[in-house]
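Below, chain A partners chain B and then partners chain C, in two separate complexes.
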Partner chain A sequence: MRLLTHNMLTCNIKGVTKGFPLSIEVQKLETKETDFNPDFLKNIFPKLEWKAFHDAALSVGLNDIPEQVDPVMLEDSEFLQKFHHALLEVHLEEGALICPETGRRFPVSKGVPNMLLHEDEV
Partner chain B sequence: MADGRRANLLRTYTSTPHQKKSLHRQTSSPALGLKGHIVSAFHGHVDGKTGSELQVEEDDSSLSHYAVADSPRRRIASIKLVARHPEVYEPCDDSFALVDALVADKGHLLERQPSVCLEVGCGSGYVITSLALLMGGGNGAQYIATDISSIAAQVTRSTLSAHGVEADVIVTNLVTGLEKRLAGSVDVLVFNPPYVPTPEEEVGAAGITAAWAGGDRGRTVIDRMLAIVNSLLSSKGWFYLLTLTANNPGEICSIMKKKGFASRIVIQRSTEEESLHVLKFWREDVKDVGDNGNHSTFSNSLSAKFSRLAFWR
Partner chain C sequence: MALRPERQAPPEVFYNEREARKYTTSSRIVEIQAKLTERALELLALPEDGVPRLLLDIGCGSGLSGETLTENGHHWIGMDISDSMIDIALEREVDGDLLISDIGQGLGFRPGSLDGAISISAVQWLCNADKSCNDPRARLKAFFSSLYKCLARGARAVLQIYPENSQQLEMISTAAMRVGFSGGLVVDYPHSSRAKKYFLCLLCGPPSVNSVLPKAIGEDGGSDSDDDSDEEENGTVDVSERQRPAKRPKNGKKIKGKAWLLKKKEQRRNKGVPNVPRDTKYTGRKRKARF
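Coming up: the complex of A and B.
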């Protein structure tokens, strides 16, 4: 699971108001090199919740993602490389995502988060 | 990976015919169990295993292929079967019809430049992988695939990775957990639902049953999806839905029309067992640039056509 995926997920248990961002519990990380595509990064940038991305990067041990960001930085190739790496190359293979409101744990197994809810949570 | 010649894809496949969703329903015996039936039908090499282990094959030489090619003599792309599991639905006529519909609409899709593509119920991963390859892969779009089965999610992951496609795979019920962040963002939504009419209690049941069991008229899961399409799709979003005649596609179009969506049939295909349609929906108030025809009147004629089909059935 990439941090891109993490940025799209919320806890949707009945009664939870925001359920975002989910905190990340790391058991196993993998880094997989992927093609650098600035267009993709520019497309996805406006859709990201940056603060959540920044915090997620920290929780997987990346401290070079700035907390504040400006679209003008998308022209800076050094920034784009770091952005690319954190967003797309670091994979949470094993671990969990945890709801900030309820503490509900969504397991991540073999790189896939399981967001299925129990019957009493719907 | 990107190959401009993929415009004229036709499908050839050399595999043993897979079992259609409809046949699952007709031939499955609760006493025998679905898995056992499928294993004996076309999974000889996994027979005798518990079924909990994902079969991943690196060497495809002895395996069936899902091949996408423009002709046998000029194969330009193929989706290979790299992973399989007795509890994961394998691509069959319905999956092929859906991919053929995307292929038929490729020009429009490329022109539209989607940034978020989502497949719900990805199963083997055949459709989402085909879509990503069709779009050229590195064109700046994000691909997301969900399935209620964690085994299917793993098979999808293997299929994606074998074809060099990057996508987010999530185990969930339809889009639970994604609906807030993806609201109004999905440009291409693809759904090959469990469409086989079954007793209601079979819907969402364990294992492969969830891949085909569709409840009353095969509409239970389809209708759940129809209820959320409006919030998911972007203003320029398109929704591709595979249906069976028994699902009453005309009525589906009417339901969507009330929500402000126009529709057309992209592909219509009949086999001995089932008659399939791939429907495409888009917001009626958005001029559908890059598509043909007068769509506002098209949906009316579509409803009429389906009434006729329903009559003949």
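Coming up: the complex of A and C.
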């Protein structure tokens, strides 16, 4: 799972009002190279919750993502490269996602989070 | 012909390891899935500026449809309830991110986060009540309302479905309209019972100039000529065949007539079989009822 997906995922348990952002518990990470496409990054940028992205990047050990961003920075190719790497190339292979409100653990195995809910959580 | 898969078991049970592998190794299914995805992408009507989008693949299975999305340069997130299907997708090293999730429990995405959604042959599974806690209407509502929320304004969702009957089709589309979607059903090849395909095209947000429904393929002309050739051209699966009962000989039509009987007797005589009855005017006639 990439941080792109993490930035979109929320906890879906009934009654949870703010199931975002899910905190990341890392056991294993993997890096897979992806084609660099600045247009996609510019397009997805306004949709991202930057703070959540910054925190998620920190929890997977990337500390070169600035806490504050300005759309002007999207013209800077060095920043774009870092952004691209953190957003699309780092995969969480093993670990878990944890709901900030209920503390429910969604296990991640082989890069796939299991978001299935129990009957009483629907 | 087998029952519809929806009638046999819940999706997470039906698509076990064996079924998942069968599904993905059948070149026919692979081809059909690719074509359906191409068509769904066309109906999605994303702006043609070459910018990759973030799409959702609902019921992605082994990632067959996702592969077509990747070929078109898009990023995608796939979700499916069957972990065997997901395992195959992992083996095939698809490019999208995968989630194990039940769409009937709602989609857990941030509001407005996705540029579009497609689904190939998945949503009709929601109409099944597999467990006592599963109410199809509630599950459809949870699915559509969360889908509406997570799509960006003006984004579309194209859901290709195999409805079992017209009530089911109506149940699905009413559930979609009730949560605020506009749009409607596009039926490709409506006159052909075999190649007919239902695409539910949903538009997020108020109707606008861009929200005219796309035209269906094969709506006019030629479709009642020959269904079989129609199917070959389009290479599509059909809904009706899945429901068709086992073949039965047609009533009132004799399969083996007098000519066949005479030929067989002749053959036996030539072979030297003893006591072959002689040919008379009664040969091959039905006995009277008094027997």
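Quick note on the criterion: the second predicted complex is superposed on the first by the 122 of 122 C-alpha atoms of A that agree within 3 Å, B and C clash if a C-alpha of one lies under 4 Å from a C-alpha of the other, contacts with A are read in each partner's own complex, and residues count from 1 in each chain.
The working rule: a residue touches a chain if its C-beta (ideal position, glycine included) is under 8 Å from a C-beta of that chain, and two chains touch if they have at least 3 such contacts.
It should be emphasised that the depicted structure is a prediction, and the values quoted were computed from it without experimental measurement.
Q: Judging by the criteria at the top, classify the pair chain B and chain C on chain A as clash or fit.
A: On the shared chain A, the partners clash.
Q: Would you check which partner chain A:D39 touches, where first means chain B only, second means chain C only, and both and neither mean what they say?
A: Once the two structures are laid over each other on A, A:D39 reaches both partners.
Q: Is A:L117 in contact with chain B, with chain C, with both, or with neither (first, second, both, neither)?
A: Both partners.
Q: What is the contact status of A:L4 with respect to chain B (first) and chain C (second): first, second, both, or neither?
A: After superposing on A, A:L4 lies in contact with both chain B and chain C.
Q: In the superposed arrangement, does A:N12 touch chain B (first), chain C (second), both or neither?
A: The answer is both, since A:N12 touches chain B and chain C.
Q: Hey, which part of chain C ends up inside chain B in the overlay, 221-229, 239-247 or 275-283?
A: 239-247
Q: Determine where on chain A the residues touched by chain B overlap those touched by chain C, and list them.
A: In the superposed arrangement, which is not itself an observed complex, chain A uses residues 1-2, 4-5, 7-12, 19-20, 37, 39-40, 43-44, 47, 49, 88, 110-117 for both chain B and chain C.
Q: Can you tell me which positions in chain B touch chain A when the two form their complex?
A: Touching chain A from chain B are residues 115-116, 138-142, 144, 148, 150, 153-154, 157, 166, 168-173, 176-182, 185.
Q: What residues of chain C sit close enough to touch chain A in their complex?
A: 50-54, 75, 77, 79, 81, 83, 86-87, 90, 97-102, 105-110, 112-114, 131, 133, 142, 146, 150, 152
Q: Chain B touches which residues of chain A in the complex?
A: 1-2, 4-5, 7-12, 19-20, 34-35, 37, 39-40, 42-44, 47, 49, 88, 106, 109-117
Q: Taking the complex as given, what residues does chain A use to touch chain C?
A: Residue positions touching the partner: 1-2, 4-5, 7-12, 19-20, 37, 39-40, 43-44, 47, 49, 88, 110-117, 119, 122.
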